[in-house]
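In the part that follows, the structures are each spelled out as structure tokens.
Okay, so subunit A shows up in both of these, paired with subunit B first and subunit C after.
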Partner chain A sequence: MAVSDRIVRWRYRLVPDHLLGEILTKRWVDNAIPLLILVAVAAVFGWLIPDFFSSASISSLMRQWGEFTLIALALMIVMVAGGIDLSVGSTFALGNIVALALLNVAGWSVPAVIAATLACGAAVGLVNGVLVGYLRLRAFLTTLVTLIIVRAIVDMLLLKYSVAIAAAFVDSDLWYYFGEGDVLGVPFSVAAALAVALVAHLVLTRTRPGWQVLAVGGSRRSAHNVGIPVRRVICLTYVVSGTLAALAGVLFASRLGGAGADTGVGLEIAALTAAVLGGNSLGGGRGSAAKAIIGSIVVMIMVNGLVRLGITRGGSSLLLGMVLLAAVAIDVRWLKNRMKFLSKVYVSPTFAELPPAPPIEGASPYAVNDRLRPVEAIGLDRIDGPEDVILDEDDHIYVGNRTGDIVRFLAPDYTRQEVYAHVGGRPLGMAFAKDGALLVCIGGMGLYRITRQREIQKLTDETNRSWFSIIDDSRLRLADDLDIAPDGRIFFSEATIRYEMHEWPVDCLESRGNGRIIVFDPNTGKTQTVLKNLVFPNGICMTHDGRSFLFAETWACRVSRYWFDGPKKGTVEPVIPDLPGYPDNINRASDGTYWLALVGMRTPAMDLALKMPGFRRRMARRIAPDEWMYPNINTGCVLRFDESGRVIETLWDLGGESHPMITSMREHRGHLYIGGILNNRVGRLKLDGADEGWTGQKSYWGQDAARGRA
Partner chain B sequence: MQGLGRLSQEQIVFGLAVLLCAGFAVALPGFLTTNNVLNLVRSVSILGILGVAMGLVVIGRGIDLSLVALMAISVAWTLSLIQGGMPLVQAIGIGLVFSLFVGAVNGWIVAYVEIPAIFATLAMGTLVYGFGRYYLFDLDVVYMPPAGAPLLWLGQGTLLGVPVPIYLFALVCLGGYLFLRYARGGRYLRSVGDNILAARITGVPVRPTIVMQYVLSSLIGYMAGIVTAASVASMNTRVAISTYVYDVILVVVLGGIGLSGGKGGIRNVIVGTLLIGVLLNGMTIMDIQYTVQNVIKGVILLTAIVIDTIVNPRDEQTAQQGDI
Partner chain C sequence: MIGGLGRIVDNLLGRGEAAVTVPPLDGALRPNRLLDEGTTRTPLDGVDCLAVQGGTLLAAAGDGIFVHGADGRWIRRSTWPSPIACIASIGADGLAVALASGDIVVEGGRFDGRRYRADGASACITAVAATGSHLFVANGSATNGPGDWQRDLLERNAQGSLWRIDLDGGSVERVADRLAWPAGIAVQGGNVVVSEAWNHRLIAIDPAQPGKRQVLHADLPAYPGRIAPDADGYWLALFAPRSQLVEFVLREPAYRRRMMAEVPQPYWVAPNLRSGRSFYESLQGGGVKHLGMLKPWAPTMSAGLCARLDGAFQPRASLQSRADGSTHGITSVVQHEGMVFAAARGDGVIVSRPAATSGADQGAGR
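The block that comes next holds the complex of A and B.
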């Protein structure tokens, strides 16, 4: 290997490029940017103001933060449902003055005051809710107007009661507890805010009303179409928001005990900045209590930091305006371009060097010939994409169909066909179990079992989660081929954990070990990954000794053998390390050897490209997927090899005149049946000198089991 | 054709204004004097000029909440520059350039960054006010220096017995009318407001048109600011954070320019201005408390929006997700 190749290989082995794309697929990445902003802001102000985070300064901040967070949470709940509530600042002021007036002037008891104040906030919210939810007014403008009206009402109340409020004295420990007391060492307002945040989080993520709110915000029309009472849900979010704002007002009243004309002025801008900065989307559907909390901490640090730095009110409104615009800009662009960006960076090729390809001409065992030319077509144009072909003891042919069916062609002439079972998904590899049930790997679904009574049972669709993988690899995405050990354990391959069924050729551009082999034990019902980091593991076939199986790795162009039992248990041995094409399914032949399908042949250009990951990455980023360089999956062949890796014969149909595209083949009673995942037929070839009575069932389960099944 | 159903909102509002006028004329002595009527029109002409600015933006399916803040700050800056000894024309030029620049930034944010207009301009209003207060001047109120005396005529002078602001209002209205009616930009503006996707497909330069509407609004806003400063010989920057901009929206919405864009014209602004003018004047004469006036205006605006929503319902098929 050349030095430059070695460097490239280490570069791609050490830097996990694929993680970037995987992180971007995660929902929690939405929180990453706000969190970074929080850390940056905290660092900057901590550096500018030496004792900013000293305990004295923190504890005075905390109570303010508790009230502010309540407002931010109120706004978050409305925003998640796709609305906006600008009246929170005025409602906060209203809550403050109403609580003080009722307590100081009217002399109500503390619980009654709180109940009445919250009801007052809820009433303001109800007005907003009816206008925006039921009458479908524009939320922004409507709540701006209610902001003005409520503010004017507050001013009127102030004129009337502010003197009386200032003169009265409240003798109630409970009342002062709200403003000055601690809960377990935490200021009461902080405890209240955290409690509300927890409830909001649980409701939004765990309960039906919360899901309805998220659904309405995500897509109003769809929510309506599935029967969610959209208008009521929206109305209720405003009621909740008004109540929370009034609660913050009560806490404020208890803490300061006074009312001024500037109480809560501009609070809506600060709260809006907090909500958006935390990552709650304008327009709804995306938001959480955690985001509101992150945002409120950032805004609190900024505003108080500016005050501590001695910057006047103009400076802080300048900064808030800029931060708000920047946050919204990031939010809008992020929402719009996230998937675009993801699709550009998700494909992350790595270095893959294939051994030199053996020649396919002259004296080579792979030499091109026309031996597949006499193949006859079964079900021509009546089937779409039979990836695998299998026959039962009565000689019926079973194939998977692109429409999610298992189709059966009836013996003896195979002119009649029926849907044997509709499984959904994309049926791929198949095998018959000892009791005659058909086991099938279904792309996008997992491992399924179809009993002889045509009952469809799920065997497994998940395996153990890897500890350090970022994408959730517990779920099976692309179960590909399977085979059954003598003790009934089912070994099956999952070609790739990074791509869905229809994108399988893209995995070649990566040529990383994205695939794995998994075992399902029907006795315990457990699923376990046995081999990881395989390069598109595809065909699996039990060897005749019953202790190991052969498996093909398509993009690595090799066939290996894995011992799951016996003295060599747990080891992998290469069988054919250097195929001239991309191997697919492996199946037993009647004379103790094995059939292997090559789905396509290697080309020098593709082999070279595999050594140039940078080239492939640029290709994936800069040009459309239709223009990408893909491996050849059109022209392939069938070959026969033995356990030592010696290739015995190769069957070609050069030019694909009789049977283009081969992904599998199955020997049955002296004939070879050929399937192809992009093909419109099943091929059938008479084999000269093969055992006319040999079937797969007899080979696996013995003469008796096969006869009993028939 | 049913009688009332055929009346446009414009006609209804005009009728209301006349009714209100008649009511005040009967109930309030001194309302229908020439002096008071001129005074009334003069006092609302600034509101009317701002209404034209807002109307142009709203017809283009936008909204400009930074209008008043920008007006206050740019004019206050102009005044403080004159105070600092700068020649009058140069100071006005700098203020105007600042105003147009902020308007262009507004337009760029709305058209290219794709932040909802109402949001972008709200934040921009806060930002501009903070910028002015922090960098440009220290006091809330900036007074007109003696060097600015020639400007005073714009706000306080009369021509043929009619106050100058009224001429200016008429001039702005005429300009706006001609622009909307005959200029290519005006037609683009209406088509963008009516159906932005269709406008884009037919080849209208949608984004530049949106930028243009905010630049226009900042230009007219600056003119209104100069007139304001001239009439009271000062500029109170606190108007930037007051509810004045909602009075302007009230004029536009009440006049019948639908907030969903593409509908209405300058006539609607005039009618809306008349009604609001009569209302404000009447309330002032009746000596209604300022806060109560605010409540009344707020309720009227809310009612106007409700009616606007009922008359021009949002189309659920074309309304965009997140259109708040």
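The block that comes next holds the complex of A and C.
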């Protein structure tokens, strides 16, 4: 290997490029930028103000932060549903004055005061909600108006009661506990804010009302179309918002005990900044309690930091406004470009060097010939894409097709066909179980079983999730081929965990070990991954010793053997490390050897590109998929090999005249049946000198099992 | 400095020079199958160049010149010591035969038997065109021979030159150089029109002011080759299609270098006169056969394409053979006795069809 190749290989081994794309697919990545801003802001102010994070400083900040966070959460809930509530500052002031007036002047008990204050806030929210939700007025203007009206009411109340409030003295420990008490060492307001945040988080992520709110914010029309009561949901978000703002007002009243004309002035802008800075989208549909909390911490640090730096009120408002502007800009650009960016970085090819390809002429066992020329076509132009072919003891042919059926061609002449079962996904590898049920790997669905009574049963569609995998790899995306061990365990391959079935060319472009082999145990119903990081594992075939199986890795052009039992349990050994083409399915031959389908041939230009990941990455970005360099899957062949890896014979059809494209083959009673995933036929070839009585079922389950069933 | 930075940014983002866009086949070049359907096909292995001498259609293939026999077969008329690079008529009955060695021999006519040579070093003659007194010769590349045109493209060379030879006196003069594989010449008035293949354009050069080059048609969707005049227009052979993948490879110097060093030439990612014969050639996504069929729109490294140009060298009509066609790699087109003859070197066949149904009537008159 050249030095430059070695450098490239280490570069791609050490830097896992694909993780960037996988991280970007996660929803929590929306929090990444706000979190970075938080760290930056904390660092800057911690550096500018020496004892900014001292405990005294922190505890005075904490109580303010609790109240402020409640407001930010209120705004977040409205924003997630696609609205905006500018009246939170006024409602906060209203809550403050109402609580103080009821307590000090009217002399109500504390619980009654709180209930009444919250009801008051809810009433303001209801006004907003009815106007915006039911009458469908513009949220911005409506809440701007309520801001002014509520502020006017507060001013009138102030005029009337401020003197009385200031003169009275409340003798209630409970009341002062809200403002000055601690819960488990945490200021009460902080505990309240965290509790509300937790509830909001659970509601938004785990409950029906929360999903409805997110759905309405994401797309109002779609939400309406699926039957969500959009108007009611929107109205309720304003009610919740008003209630939370009033709650913050109560806490404020308890803490300071006084009412002033400037209570809550400008709070809506600060809360809005917090919500947007945290990553809650102004457009709705994206937001969380965590985001509101992050945003409120940032704003709190900034506002207090600026005050302590001695910057005048005007200056800090100016800065807050600038931050809001920047946050909105980032929000818009991020939303707009995230998927674009993701699509550019998700595909991340890696260094893959294949061993030199063996020759295909002269004395080579791969030498080109025309032995597939006499193949007859079954179901020509009446079947679309039979990936795998299997025959039962009555000689009927079963194949999958592109439209999600298992089609059966009826013996003896195969001119009649019927839909044996409609499974919906893309049927790929098939095998008969001991009881005669047909087991199928279905692309996009998982491992299924079709009984003799044509009943379709799901065996498994998920496996254990890997601890350190970023994308959720528990769901099966592309179950490919399977085989059954003598004890009934089903081993099957999943070609890739990063792409869907129709995106296989992209996986080829990556040529990373994205695939795995999974075992399903019907006795326990458990599914477990047994081998990971395989390069597009495809065909699987049990060896005759009942302790191991052979498997093909398509883009790695090799066949290996895995022991799942016996002394070599858990080991993988190469069988054929250097195929001249891309292996697909493997099946047993009548003489104890194995058939292997090569779906396509390696090309020197592609082999070179595999060693140049940067070239492939740029290719994926710059040119259309139809123009990408592909593995040459227009010409393939069938070959026979034994357990030692010796290739015995190769059957070619050069030019693909009789049978274009080969992905599988199955020997049955002296004939070879050939399938191809993009083909329009099933091929049938008479094998010279093969055992005319041999069938796969007898080979797997013995003479009796096969006969007993048939 | 700014330009350099701009190029780096372009390269990073695939914009500007680094964009790999190929113009679509549209307008007069809209896809059709006129080279495959409704034509008379006469095989001739290795056919490269067509010319008319004294009313007879001649075809050059390998080291021989062939005439069209009565039974439709091509009959060898003469054999030459080295492969023939191209042929062109001189006056009514003369024929200039350019050999791969760089020599140009005249057969018949006023200059019968005369030998010329453009330049000691020019051994890559791609096209010849004669006026009454002069011969214009295009030398494709200073470093690569005619068989190495793919290498010349992948090296992104522009080392071709245009020469003028005085037929009487034999004096030789270089009219222009630094041309990106000049592959065809037509003389119009005082100007020489050259098809500059690697720049996918037709340019007019005035021999009196060779520095000034006027672009007649830019950004062709294929690599233009020989140009043949007739009564009211021209036939332009476009010997291979451009493709996004090749344009991309051309912008990947590291891959190009390694490909030329490590991959056998027939399997390069490069335009070709005939592709798809070997499974060692790389395949493109759209070229995967579905249900046993190669789609006609599949991206391809070879195709059949020739264009009818009007007097101003603008395309008016075209004859094509698509990805699944069987008339690829058109290296020469001439119109003769009301028929259009196209030499498909990629498939070793000469196809002909009536000029009237081939767009020839839509020439300069329109």
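The rule is short, and it goes like this: the second predicted complex is superposed on the first by the 710 of 710 C-alpha atoms of A that agree within 3 Å, B and C clash if a C-alpha of one lies under 4 Å from a C-alpha of the other, contacts with A are read in each partner's own complex, and residues count from 1 in each chain.
As a convention for this text, a contact is a pair of C-beta atoms (placed from the backbone, for glycine too) under 8 Å apart; a residue touches a chain by one contact, two chains touch by 3 or more.
This structure is a prediction, so every number in the text was calculated from the model and none was measured.
Once both complexes are superposed on subunit A, the partners subunit B and subunit C fit side by side without clashing.
Legend: residue contacts after superposition of the two complexes on their common chain; A:261 is shown touching neither subunit B nor subunit C. Legend: residue contacts after superposition of the two complexes on their common chain; A:219 is shown touching subunit B, with no touch to subunit C. Of the two partner chains placed by superposition, only subunit C is touched by A:603; subunit B is not.
After superposition on the shared chain, subunit A has more residues touched by B, the comparison being subunit B against subunit C. With both structures placed on the common chain, the touch criterion links A:36 to neither subunit B nor subunit C. After overlaying the two complexes on the shared chain, residue contacts for A:148 are found with subunit B alone; subunit C is out of touch. After superposing the two complexes on their shared chain, the closest approach between C-alpha atoms of subunit B and subunit C is 20 Å. Counting contacts as defined above, no subunit A residue meets subunit B in one complex and subunit C in the other. Subunit A contributes residues 381, 384, 505, 600-601, 603-606, 608-609, 612, 615, 618-619, 621-635, 656, 660-661, 678-681 to its touches with subunit C in the complex. Across the complex, subunit A is touched by residues 63, 109, 113-116, 118-120, 122-134, 241, 243, 246, 249, 259, 289, 291-292, 294-295, 297-299, 301-302, 305-306, 309-310, 313-314, 316, 321-324 of subunit B. Looking at the complex, you find that subunit C touches subunit A at residues 14, 18-20, 243-245, 248, 252, 254-255, 258-259, 262-264, 267-269, 279-292, 294, 299. Taken together, the subunit A residues at the contact with subunit B in this complex read 82-84, 131, 135-142, 144-146, 148-149, 151-153, 155-156, 159, 219-221, 265-266, 269, 281-284, 311-322, 324-325, 328-329, 332-333, 336.
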